[in-house]
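Please find the structures below.
Both of the next two complexes hold subunit A, though its partner changes from subunit B to subunit C.
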Partner chain A sequence: MAPRVRKIAMYLVLYSIAGIALLWALLPVLWMLLSSLKTQAGMFSMPPKFIFKPNFDTFAYMFSERGNFTHFLTNSVIASGVSTGISLVLGTLGGFALARRKFKGEKHISFWIISTRMAPIPAVLLPLYLMFSKMGLIGTMTGLIFAYTTLNLPFALWMMMIFFKEVPVDLEEAAMIDGCSRFQAFWRVVIPPAAPGLVATGILCLMFAWNDFLFASVFSGHENQTIPVAATLLITQQGIAWGQAMATGTVIITPMVIAGLIVRKYLVRGLSMGAVK
Partner chain B sequence: MRLDIKVNAYRKPLETAGTLVHGRRKKWSTEFWMLLPSMILLAVISIFPFLYMIYASFMDYSLSFDEPTFNGMKNWEKVLTNDTFWASWGRTAVYALCGLSLEMLIGVGMALLIYVLPKARNLILTLWMIPLFVAPVVVGLLGRFLLNSTYGLYAWLFRLIGVETEILGNVSTALPAIILMDVWEWTPLITMIVFAGLQSLPEEVLEAAEVDGAGYVRRLIHVIFPLISRTILLALLIRMMDILRFVDTIKITTEGGPADSTKVIGYHLMEVAFRFQDFGSAAALGLSMLVVTIFLGQQFVRFMRKGEE
Partner chain C sequence: MKRRTVFQITALVLVIIMFTGACSSEAPIDTKSKNADKINPNKLVDAPFEGWVEGLPKIQAPEGFDWKQFKGVQINVISENTPPSSALAANIEKFEKVTGIKVNIEQSDLGTVVEKVGLDFNAKSAKYHVIYADPYQILAKYSEHFVDLNLFNKEPTMPHIPGGLEDFVPTQLEVLGYMGNKEKLLALPYDNPTMVLAYRKDVFEKYKDLFMKEKGYDWTPRPGMTWDQYYDIAKWINQKVKEGVITEVKYGTGHQAKQYDSLMCDFSNILAANGGDYFGRKDIGTIGTIDPGKSAMTSKQALESVKFYNQLLKEAAPGSTSWDWNGLAEAFAAGEIAMAPEWHEFSAMFENKEKSKVAGKVGWSLLPKGKVRSANIFGGTGIGINKYASDDEKKAAWLFLVWATSPQSQYMILKSDLGGSTPTRSSVYELPDVKKGMEPGTKESEEMPNLLSMKSVLKAWEAENAYMRPKIPQWPQIDTYVFTELSKMIAGKQSPEQTVKAITEMVDEATGN
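Take a look at the complex of A and B:
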């Protein structure tokens, strides 16, 4: 009997530790969600209230004409969506080429790709800023999309290369013997098995662009501010509009949490650039 | 004739098969054209800026002048003899050291914990990784909200145990608070990476050790850790490079203050470039960051290739 009791006690301890860890991980997010649903007075009441009647005024205001939130949301969707699309198309084509073909200096090319992804953004930002201002791209949507693509393309290339390496070469060889061209074989035979990887790469690209603040704060003008930038506009000399800030935060993270959990299986590979299987 | 080509294509390795099906040898293969657009775009966004940064680092370059003028090593001298530069690197090092140790400790611990909990494994992992998706801006806003001395939830909890302080406004606690935000957001990544490593461990080895009567701790030290040490090191490298990139949360929470206590190198660069508009010095500063990142990146790639072979 004793070993059994010891085992139960051990699991009890382990589950409690996990519980505490989860509390630490989730409390801030939960608190943000709750705060966005509270009235102004309820938000600041001490001791804090966990049970209350939800109030959707903040969200209603944000999406009203004065809140202008739809505008920011549209900008975010366009900037991150278009740049993800470009990165995916180019990254899929290039990633396949990298996966299949032996190049001269292949190692240098792949190191170069990874270094563009890992380069410190503040350092990259500066020459891009100078380049963009010469080209008149500061404050334009094109500039922002271009900037996000610079961030996402190397990532997409690397990820797709890894996913394509897992598709057996025999498949294409068979298709080509049946009369497909190289590209047809790629399109009809290689893409379908790599599709889940494609979706995962896309979602991660989307997340990087959607969550970005630095590029958007430097490159975007008044007309094309994204939601993270809009969130910082709530920080003023007079203080922070906390109700709106929490509601904005909730809107920023909700789609990404859902999308991220969908591609959970690929997440590790994505965030570590395929380092670990 | 056609049949001939097909038979040939079947025998030859794939690279030549592609060109033979088309009946003639092509100088540029399909793959070349598939990769070309990406390479051009990458060159535009990486080689050009890199060369431009080297050029700018030798120029007196500010938006208020029309044309940058050559000023030799002045920017480099200014950057390298500047106390803020070294202090910022120092803070970045402290940040990386403290942040990474905590992230490693908690991250690896959680991975091992989740691995031994068979029932709730998926649920715990799913919930645990939610902070990964939170945008840095939101992390900053949340930090400010939770730590606010009058109505913050965490500040209130601190008050319960008798600690009352303005955490982000205090020179000695601002950086630790920022580090903890980083730990909050990125520890799950370490857990995920290590957990993936644990799942790919050969089960026979673990079972053999258990049959031999090794306790959990001994198995951990002698079997598990040696097998996942490479994975752990990779996670460390990835996070190290990411910490260099880090600016957003600081911008939202403290703007480098109070009294520069949270001014890490990335933030210092942003300030020199966009507040003081001294692009020449900022370029020199940026190159110093690039050198460190490229070194780390090389280690990363070396590690990965070792694993492939």
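Take a look at the complex of A and C:
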């Protein structure tokens, strides 16, 4: 086989595999999006229709007073946004300290921090519940934010420590020689090159909190249920509200997809920082 | 003092504190009304709720009882996402207006409810004051964490259960209200789904003569029909569908045989109908026990039932092995199946023209008879009070229980477009409009579509037709063993003999026998 033909064949195979993988990943999402715009009867019609008149009734119901979805959406935004913000601020400061400061047992501390993420969530639920219960945090938004921060902070610390290690110490030292204080050197010289890492960490923390069901189901109360918890209300003893379930799924994934697309450049750069050295 | 000594002393002090904390005795509950000294317990007065329904017992309190005495108290109710909870949540302002108590009704799927209640009880916390006490997953396991409701019901200065305990169906009160003995009343019946047979009236009417001609008996589902006949009918329908004679449905029968709790429920109807059970003790399904004894799955009846179920599933709609009760209901509503053992509260869904193609075509009957009887599994739940709540919260929760389980509220739930659940109170079924609602084609049956299944359900609740699964703390684990092993058998991975053997061994290990 001629090299050119072989190359074309190879590309064909590779693109076919990529196409199948893409279809495998996107078909359920596409199905969900289309179903959210169909009537219940249309959703289960066989063969399925891909061209139809869209029906926005389920979305209208979700955001109506009875559907109360705006309330769940607001809770999700607050819980995930605040916990991500706290994790990023503390993770950045802590990660910088771990990256720069030399002290006894530094590696052990770093490992201990990340090891807290190694336990499965159900294993930490009871101790957290006991503590939160004593502190009166069960059923509160503060409790939920604390719970998310408990898991996001070690991750953010570890990630930021790695990113800061990639930033040459010489840059800070040069800035300090030029008159910057320690904080100014950190803020003006270290943070900009570590920004992709910061964004990547933030997005991953946000995704964890946004998609979480287990913590939210246990620690949230009647007033602060998040969207994934609200989605379970659609499964009732008298059947599943498929239309609303599909619309809820669509609303859950949309912000993360948009956020991912906006910051994908940083995400890729951040996650590959230090990959080639 | 050396650091090590300080550490040892601190540890010792902590251990002593924990030990004394664990051993501390519980303070008795104050059940008296706050204004007990101004109350005349000998005279009862109607509560200031509006919209009383004539013919039903009213909520009453002793003269002088201040319904607003717990104003400002907030109680959290945790419940499965069930029709009564949705209906109560939608009408909660009626209770809040009279009592001034703020009620938060939190609904989730049952697994989440069990997990949250377990965490709350284990932490001896009272995030939830009113608990959805599923008898098998919550009450049997955590009975010691519930308040004895007799303390409130017998307290002269507090409102009592309107209509009395005798207005609840006796077997339902036993299974939902008690655990181990009848000394403490731990919960009040709240909802009552029961499995009966849903069938396509149109199909059975249209092909009645043809079936009679070929098989020689009336095939219309009714009390007395046997499981063997059921199998025969299902097989005949499948055959006629293949021949192109029957076009209204695709399969004779459908089942909820997914590897899940639903499979255990579906199978238990046959096991109990043949005189079998998971344990030998008679009162295990009602009062419950912590010591069930050895497994009864070694019995001849159990093996016969397992064999029959395996055979029946071969004739069932192929989707059956992936359906729970929701999946089965959707398939039935889509017009695929002629007969299905299903929870009676799906009647509302079947009669909903937006969700169902079979509205107006559905009949209900008792489940078929086995070697001994018809057995219709009961799946109801009660509501109780968390004993770790403060006294004021407990009393506020008691007022909520009195209201939520009252015949008046149960009737409201039945009529609610969000609820549709069927009442737990016998008195409600005596109302003329409720009786009319049990007849197909009436205005009342359109307003309260779940009533269409009620004639059969009321029969199913009679002691000889009801089946209550074992109420023991180990049940959730045993349930998993049962449906897992049955699922293996249905998938052809093991024989019925191997199935009963495996279930028996695992059950005995779980119960320590």
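Basically, the second predicted complex is superposed on the first by the 247 of 277 C-alpha atoms of A that agree within 3 Å, B and C clash if a C-alpha of one lies under 4 Å from a C-alpha of the other, contacts with A are read in each partner's own complex, and residues count from 1 in each chain.
Convention: a contact is a pair of C-beta atoms (placed from the backbone, for glycine too) under 8 Å apart; a residue touches a chain by one contact, two chains touch by 3 or more.
Since this is a predicted model, take the numbers as computed values, not measurements.
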Overlay on subunit A: subunit C relative to subunit B, clash or fit: clash
Subunit B versus subunit C as contact partner of A:221, first or second or both or neither: second
Touching partner for A:44 - first (subunit B), second (subunit C), both, neither: both
Subunit B versus subunit C as contact partner of A:21, first or second or both or neither: first
First (subunit B), second (subunit C), both or neither touched by A:130: both
Touched partner set for A:139, first subunit B, second subunit C, both or neither: second
First, second, both or neither for A:233, with subunit B first and subunit C second: second
Residue contacts with subunit A in the superposition, subunit B compared against subunit C: B
First (subunit B), second (subunit C), both or neither touched by A:35: first
Intersection of the subunit A residues that touch subunit B with those that touch subunit C: 44, 125-126, 129-130, 217-218, 232, 235, 240
Complex contacts: residues of subunit A adjacent to subunit C: 40-41, 44, 125-126, 129-130, 133, 138-139, 217-218, 221-223, 225, 229, 232-233, 235-240
Of all residues in subunit B, those that touch subunit A in their complex: 6, 9-10, 14-15, 17-18, 21-22, 29-32, 34-35, 37-39, 41-42, 45-46, 48-50, 52-53, 56, 106, 110, 113-114, 116-117, 120, 124, 126-138, 141-142, 144-146, 150-151, 153, 156, 184, 188-189, 192-193, 195-197, 200, 231, 234-235, 238, 241, 244-245, 247-248, 251-252, 266-267, 269-270, 273-274, 279, 282-283, 285-287, 289-290, 293-294, 296-298, 300-301, 303-305
Subunit B-facing residues of subunit A, complex: 11, 14-15, 17-18, 21-22, 24-29, 31-32, 35, 43-44, 46-48, 90-91, 93-94, 96-98, 100-102, 107, 109-116, 118-131, 149-150, 153-154, 157, 169, 172-173, 176-177, 181-183, 186, 207, 210-211, 213-214, 217-218, 228, 231-232, 235, 240, 242, 245-246, 249, 252-253, 256-257, 259-261, 264, 267-268, 271-273, 275-277
Contacting residues of subunit C [partner subunit A, same complex]: 76, 80-83, 86, 104-109, 112, 115-116, 119-120, 122-123, 125, 127, 193, 326, 329-330, 334, 343, 345-346, 348-349, 354-355, 420
